[in-house]
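Common to both upcoming complexes is subunit A, partnered first by subunit B, then by subunit C.
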Partner chain A sequence: MNYGSLLAGILVLYLAGAFAALICPRNVRLGNTLSQSFSSMASLLGIYLSGSLLLQGPTRGLVYSHVLNVPNITITVTIDSLSAFFLLALSILTLAVSIYSRGYLSHYYHQRNVGLFNLLYNFFILTMISVMTSGNIIFFLISWEMMSLLSYFLVVFEGESRENQRAGLIYLIMTHIGTAFLVIAFMLLYQTTHSFDQSQLHLWVDSPVKNWIFIFLLVGFGTKAGVIPFHVWLPYAHPAAPSNVSALMSGIMIKTAVYGLMRFVLPMITPGYEWWGLAVLLIGTASTFLGVAYALMEHDIKRLLAYHSIENIGIIFIGLGLSFYARAAGNQTLCALSLAASLFHLLNHTVFKGALFLGAGSVHYATRTKDLEKLGGLMKKMPYTGFFILIASLAISAIPPFNGFVSEWLTYQALFANLSSHSTASQLLSIVAVAMLAMAGAMAAYCFVKLLGVAFLGLPRSRQAAEAQEVPGSMKTGMGVLVMLCLVLGVFPRPVWVMLDAVTRSLLGQSIMNGAQGGFFYIYFPLETTVSALSPLMVLLAGILLFVAVGLLVKLLGGKFGQRRYGTWDCGFDGLNARMQYSATGFTKPLRIVFRGLYRPTRELRIEEGASRYYPESTTYLVTTRSVFEEYIYAPLISAFTKLARKTRFIIQTGSIHDYLIYIFLTVVALLLYNGFNN
Partner chain B sequence: MQNVLYIPVQLAVMLLLAPLVNGIIKKIKAVSQKRKGPPVLQLYYDFYKLMKKGTVVSETSSWIFRAAPYIYFTAILTAALFVPVTTVLAPFSVTGDMILAVYLLALARFFMALAGLDTGSTFGGMGSSREMMISALLEPSLLVSLFIVGLIAGSTSLYEIMKFSVLSGITILQPVYFLIFLALWIVLIAETARIPVDDPSTHLELTMVHEAMLLEYSGRQLVLMELGAALKQLIFITLLANVFIPTDIFVQGRGFLVTVILSLGFYFVKVVGIACVTAVIEINTVKLRLFSVPNLAALSFAFAFLGFVQYFVIGR
Partner chain C sequence: MNHYLELLSILILLSSFILAAAKRIISYIWIFRLQSFLLVIMAGYLGAVNFRKEGDIDILIICMVILVVKVIYIPRLLENTFAKVAYKVEKDFFLNIPISVLICCGLVMLSYFSIFPIDDLREGVMKTYLVNSISVILIGLFFMISRKKAIGQIIGFLVIENGLFIAALLSAHSMPILVDLGIFVDVLAGVMIMGVLVFRINENFESININKLRNLRG
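And then the complex of A and B:
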């Protein structure tokens, strides 16, 4: 089939999904089912389209181009290998999320307008696709802006509460600051190249503004990606949004920024611009560590996951920075390897973070709370959700045999290769990145032991948790698809590697295949770099064999006494209760003390005494940690800005319409004069 | 022939030797305190006895508590496959490296910490929390150390690193290796729950880390947990023994079987030696406060980082 018509099919299906609710305005349930089925089908088509494009080798195919009567704007849709890879990640995620949403949205029935939600949802996906496939900068910006606005409406969909509105506002402001930087960057770019065509990017000349263009692009895209220090919106927006939207936003929307950096910055790197890569590497390293460090202190499941997005975007940025650096330094092999590592982690993060956000949504659906301190013992009540979150947690903590490990392994390999480069700065940064990556991995494990241990194991801490029930089938299926992929991508990384080879060949002209070639069907081949090899399948098989052997041996050697169930040792008090367990706050206390310089925790212990000192009526213990970035960077900025605004109100913006008319008139005159003198 | 022998030899040596290390350390400690102490083989007897006993499982716990010992033990055993006890036998095929081994140990730790929380007991949560903190603090110096020895050898596979060491003489005498050796020794002490980080011989509520997580285990599940921990300790000791004190250069040029036996003999001597030194350190130090552990971790990282600087500025 023609790829153009496939893409048209995807477009039509998403549009059908958007307007499906209109078919049956009275039956909300049917409308929702129809809508989500359409978007699931569209996702399947998307997987087919991007998968087959990637497997047939590098492409740079023009699909559709429409020249408008407006200068500089053409609606150009192109899918090259890079776009196809992002489209693949998007389609995998939207497939799972759409299946999940059928059940998840049922708690909105007759409370909120589900039809409106589906309209926004499908258009949101469409605008992300158009961001990934646009071939013209103006068209890219329009799609980008629409994507941001639609996601804003989705973030504030759930309620009119102050908190929700505030989260939406922060997101809206941050994303527009980012877009403003992008607009400046693209205008500077147009000044030098006189073209808005994305395929002309490699022609960018060496000019003094090139560094500025990079900085503006980095700030603009970095804001959307949520890297430190532009991350402030993420921990607000994700918890406020419905969980399926959080999965989409964290799973793929923030990745469009990585797409932008790869699309716009990579082609214009030439020798002499090594510092670009090092800057990205530094930002990535900082985000990796600080993201997970803040995540540890969060007890709202979705905020915790939002901070983990910052960590993982950091890991993606480590790979990206290395590839920028290597390209400037002229090391094509390393450039391709680190770009592939970065993209592989991007796909993996889409998969496991999607699963985790959907899992968080399931917990919220079943218990009506996102607060870890109110959960507990869910593993018995919700065995499927518990198992899925367990697997996704292992994947995000980079534990084999799941997918997170494979891409972190590749990132380590890229860092290892860079350690033998010839620049002290990059070697030093690489070894620091290794240390931070190692620490982030262990801290992520810490954080997810906390999440699982507090929410799913032990005794329930509240009535909601004790009465929780497993979520409906469609939600389980949605999570199951992603969790299965966590294992499949972790054990059979080869097909993805083949696809990534197409990407690096089309983008850089450099293959990442090393050692054994083989096509798609040699999926059991190991991943190989020049210094090492990893065959997750062999390791898994060895592990399974040993597991069985250990089991048999224990059975054989073990005595004939069976297993007895008995209460946990309660130190001789009468009975264990939920309050004796470690809480999430207590669990992370050691690290809060170790990194007190970072967290600046404040403690407050309030005891209400009753009849006797020794039998207090109630005890409240409150720990708060502070965000250094919000306090020391954003708060001064905001107060300076409000001060400025207050001043301009008296001087320029007086509110008198006559003044404004004068301003417009003077501006027009000035422009006319400027043009007159220039010609 | 070589490849076929690798796995059985590796697993047999590791499994048989692991409990002995603990026995030796206990014996030396006892002698230093003018006690007679348990027999060196006591841990083997304990395992045999525990194996024959029934198990008690907490009513609060879920399947994770029952599965954890098997996953813990298997993960460590799989990791042991990638840390060769001898370089004269080539591994069956290069399918994994040091990064894999480190993260397999992380898998084991993850399940042990979950099991600690599963019973709903305060002790379990306390142990898990502390264990995860200690590992988070030491992971950087572990991986940075391994990366530097890997960088010198030009590979991330431990087998290749050890083979490179064999060709470079007694590597511990070179400054870079010596610094990394110190860094890794601290990691060994902390990761295997020894004094001064954790005291393996007490069940004192306020100080335990590792033991707190195992408190609810009994019977064969306890055997798997304890043997797994001993195995993990031996993995670290093997790393120190074969990367920093390579001896396989002395056994080359003889018949195949003689080479293997001699190489394993040297390995045995090195392990016993490292166990003795560990015991001496334990005798002469006291347990640190939990919040002094970060200082120890920082010291370890400082050694590793100095090693890095040394390598790049002066060479090894």
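And then the complex of A and C:
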């Protein structure tokens, strides 16, 4: 099969998708359907292209390059195994999201410009593809910047409210700060290598600038990935964006940063740079714990999911940091294993976080609210959405037999393997990371119990929730695709392992498949020892057996019990109402007490007295938590910056034309003097 | 032929000195007219030589355009503008005249210092041309700084443009005709807009002293 023409096909289909909706502005419905079908087809082609590239083994892949007249800029498209893996994750997600958008966008019909949305949406996907496949640093930067700008426009698509405008602004500022760091890093890089060609990366010279390049790359990519402490834009941008865009942004866009780190930093690592890996590991550990901790305090579904993205990016960074460290320490096996763990979790996060954001979008579509405290009882009204969110929640909480379990298990194994490393610092960090990962898993489960329990069980807390209806078929299909993958990847991870093997072999020259055994009951020994092994299918069978056994045991020992449908006893009041339920705020109270230092909660009870103090008119109970990072890092930075700007206005930008003329005059004189002295 | 050109370029430099020493707005305009006229002579001379040698009439066309635009039209436009806003006589400069002239001398020395050491210039006389024309540019810029009223800035801007034109004319025998014509259109439009702006400034601030624009700062 000619991959070049496949790639061209993908490009053409996305372009067709971008313009299809604009061609028929009268018939919005037809335009949207056309556009989304084109992008679905493009995604299918993308899955086929990247899947077959990966399954045929490690590859330098196809290279298509077009040299422009401008020096140093070539449009080079290179798909090697790493790009192909990211392309696969992207295509899986865009397939589901495009199917979903067919129904989801119907609530914009005749209110907003759906054609414009589809244009931005398809171009956004295209720029992500070009980020993942570019073979030239300048082309990479241009694609990166276009990706950031297009996603900004998608974030502010519903830009009438001040809140959304502010979210967009924060996102724009943060992403540009990140890009600025990247530009510095790439310029330093050019200074040492004199080449913008990505395929020359392994020739990087060993120079003292390397540490700076790494720091700038880490800050630049870290900002896009949203790791702590660069995460501030995530919890604002995701709720502001339409849900299908949030799914794309959280599902794959923030992962382009991981791609960048793997592409640019990994080849640079040589012995003596162990601290790079440890730094990434530390950041990952912090993000894992703090992300989920903040998620627990959120009652806006999409903000909650945004914080979970921070957590999961943290888990990906743990694997990434370990692989950086192991490469510097010369442990190739561990390097390959942890890189595979990181990539596997990345794919899994794309799948289940995509499903969750689409689910949140469905809830919003049906109820017009994202506030957990206004939902309730949706399981009866939206059984499919509820079921999908349940499965995706199980997957994100790393519960077998779903996919989150497999990749987190791999991450644990990599961390355990690192305990035998020679440096105390890395051992200590691994122990801390294991503990944090375990705690984050438990807290994530807690958080999703809250989400499901409050939103889907009990009684509806508002009229919108009571009148909710199941979402249309295309939206269900979109979510269903991803949810099915949660199960399939969790039970049959072998194809993914084979693909990851291709990636590690092409990137590191190290296979991860040495410890794979068995046919149907596939067993995987990650460390090539018999200490630990995983067979997902057996886990599933064991789970089913246990379930049946416990069920039988209960039936045998528990005696007879019948079923009776009756209202819950209400202590003699006339009827239970929604306000008697456990609220999301109440449910997370224990954690607010435990982590007082982190959340700094304040509460306020306001009672409006009525006729007697036993019958108050109204009571308001307000709980707020504060973000330590915004308050102690970003607020001082912002105020320092505005102070500087104000000073500049009074000292340099005086508003007098003569002053400006004098600036020009002095510059010209200085240049002439420079010229005179230099000759 | 070089002697005539050298003489003309020195005369143009001298006219900018006179400009720096001028006190009245109406004399600025007259001096600018004189300078432009010298420019016309220079362009006409070069154009005639060029026409005889290569049969090229580009420079002659440009010479006519300068005559119409810079000697006749723009000075008249500025005189009209000034006549409408000049009801107050104010001191128009920050630095007194002797100091201005001394600074201008310093600028000529600076450009001499900067240009003369360049070894790659074709002929020795080219250095003199460049020194003179760059001095004219610098003096124009300095003139813009040292005058308070808006018309001073416009004249300074035009003198800078004259300096650039001399530099192009003498060192490269003028730029392609399209570029030159484009620049003239730019200058013309710029001056017309500035003329209108002078009216507006006068209306709003009761003066054309551009220092008042400081009040516009947010």
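Please note the rule applied: the second predicted complex is superposed on the first by the 615 of 679 C-alpha atoms of A that agree within 3 Å, B and C clash if a C-alpha of one lies under 4 Å from a C-alpha of the other, contacts with A are read in each partner's own complex, and residues count from 1 in each chain.
Definition applied: a residue touches a chain if its C-beta (ideal position, glycine included) is under 8 Å from a C-beta of that chain, and two chains touch if they have at least 3 such contacts.
Since the structure is predicted, the reported quantities are computational estimates derived from the model, not experimental observations.
Peer 1: Count the residues of subunit A touched by subunit B and by subunit C, then name the partner with the higher count.
Peer 2: Of the two chains, more subunit A residues are contacted by B.
Peer 1: If you stack the two complexes on chain A, which partner ends up touching A:I664: first (subunit B), second (subunit C), both, or neither?
Peer 2: After superposition on chain A, A:I664 lies in contact with subunit C alone.
Peer 1: For A:A442, decide between first (touching subunit B), second (touching subunit C), both and neither.
Peer 2: The first partner, subunit B, only.
Peer 1: With both complexes superposed on chain A, which partner does A:S656 reach: first (subunit B), second (subunit C), both or neither?
Peer 2: Second partner only, subunit C.
Peer 1: Between subunit B and subunit C, whom does A:K380 touch in the aligned arrangement: first, second, both, or neither?
Peer 2: Only subunit B; A:K380 stays clear of subunit C.
Peer 1: Name the contact category of A:W276: first (subunit B only), second (subunit C only), both, or neither.
Peer 2: So A:W276 meets neither subunit B nor subunit C here.
Peer 1: Considering only the touch criterion stated at the top, classify A:Y259 as touching first (subunit B), second (subunit C), both, or neither.
Peer 2: In the superposition, A:Y259 contacts neither subunit B nor subunit C.
Peer 1: Based on the superposed arrangement, let me know which partner A:G676 touches: subunit B (first), subunit C (second), both, or neither?
Peer 2: After superposing on A, A:G676 lies in contact with subunit C but is clear of subunit B.
Peer 1: In the overlaid three-chain picture, which partner chain does A:F324 touch, first (subunit B) or second (subunit C), both, or neither?
Peer 2: A:F324: touches no partner chain.
Peer 1: For the complex, give me every residue of subunit B touching subunit A.
Peer 2: 51-64, 70-71, 73-75, 77-78, 81, 93-97, 99-100, 102-104, 106-107, 109-110, 113-114, 116-126, 128-130, 132-133, 135-137, 139-144, 147, 150-151, 154-157, 215-216, 219-220, 223-224, 290-291, 294, 301, 305, 308, 312
Peer 1: In their complex, what parts of subunit C are in touch with subunit A?
Peer 2: 94, 110-111, 113-114, 117-119, 134, 138, 141-142, 144-145, 153, 210-211, 213-214, 216-217
Peer 1: Which residues of subunit A touch subunit C in their complex?
Peer 2: 649, 653-658, 661-662, 664-665, 668-669, 672-673, 675-676, 679
Peer 1: Report the residues of subunit A in contact with subunit B in the complex, numbered from low to high.
Peer 2: It comes out as residues 377, 379-380, 386, 390, 394, 397-400, 405, 408-409, 412-413, 415-416, 419-420, 424, 427, 431, 434-439, 441-443, 445-446, 448-449, 452-454, 456-459, 526, 531-535, 538-539, 542-543, 546-547, 550-551, 554, 557-559, 561-570, 576, 578, 580-582, 586-591, 593-594.
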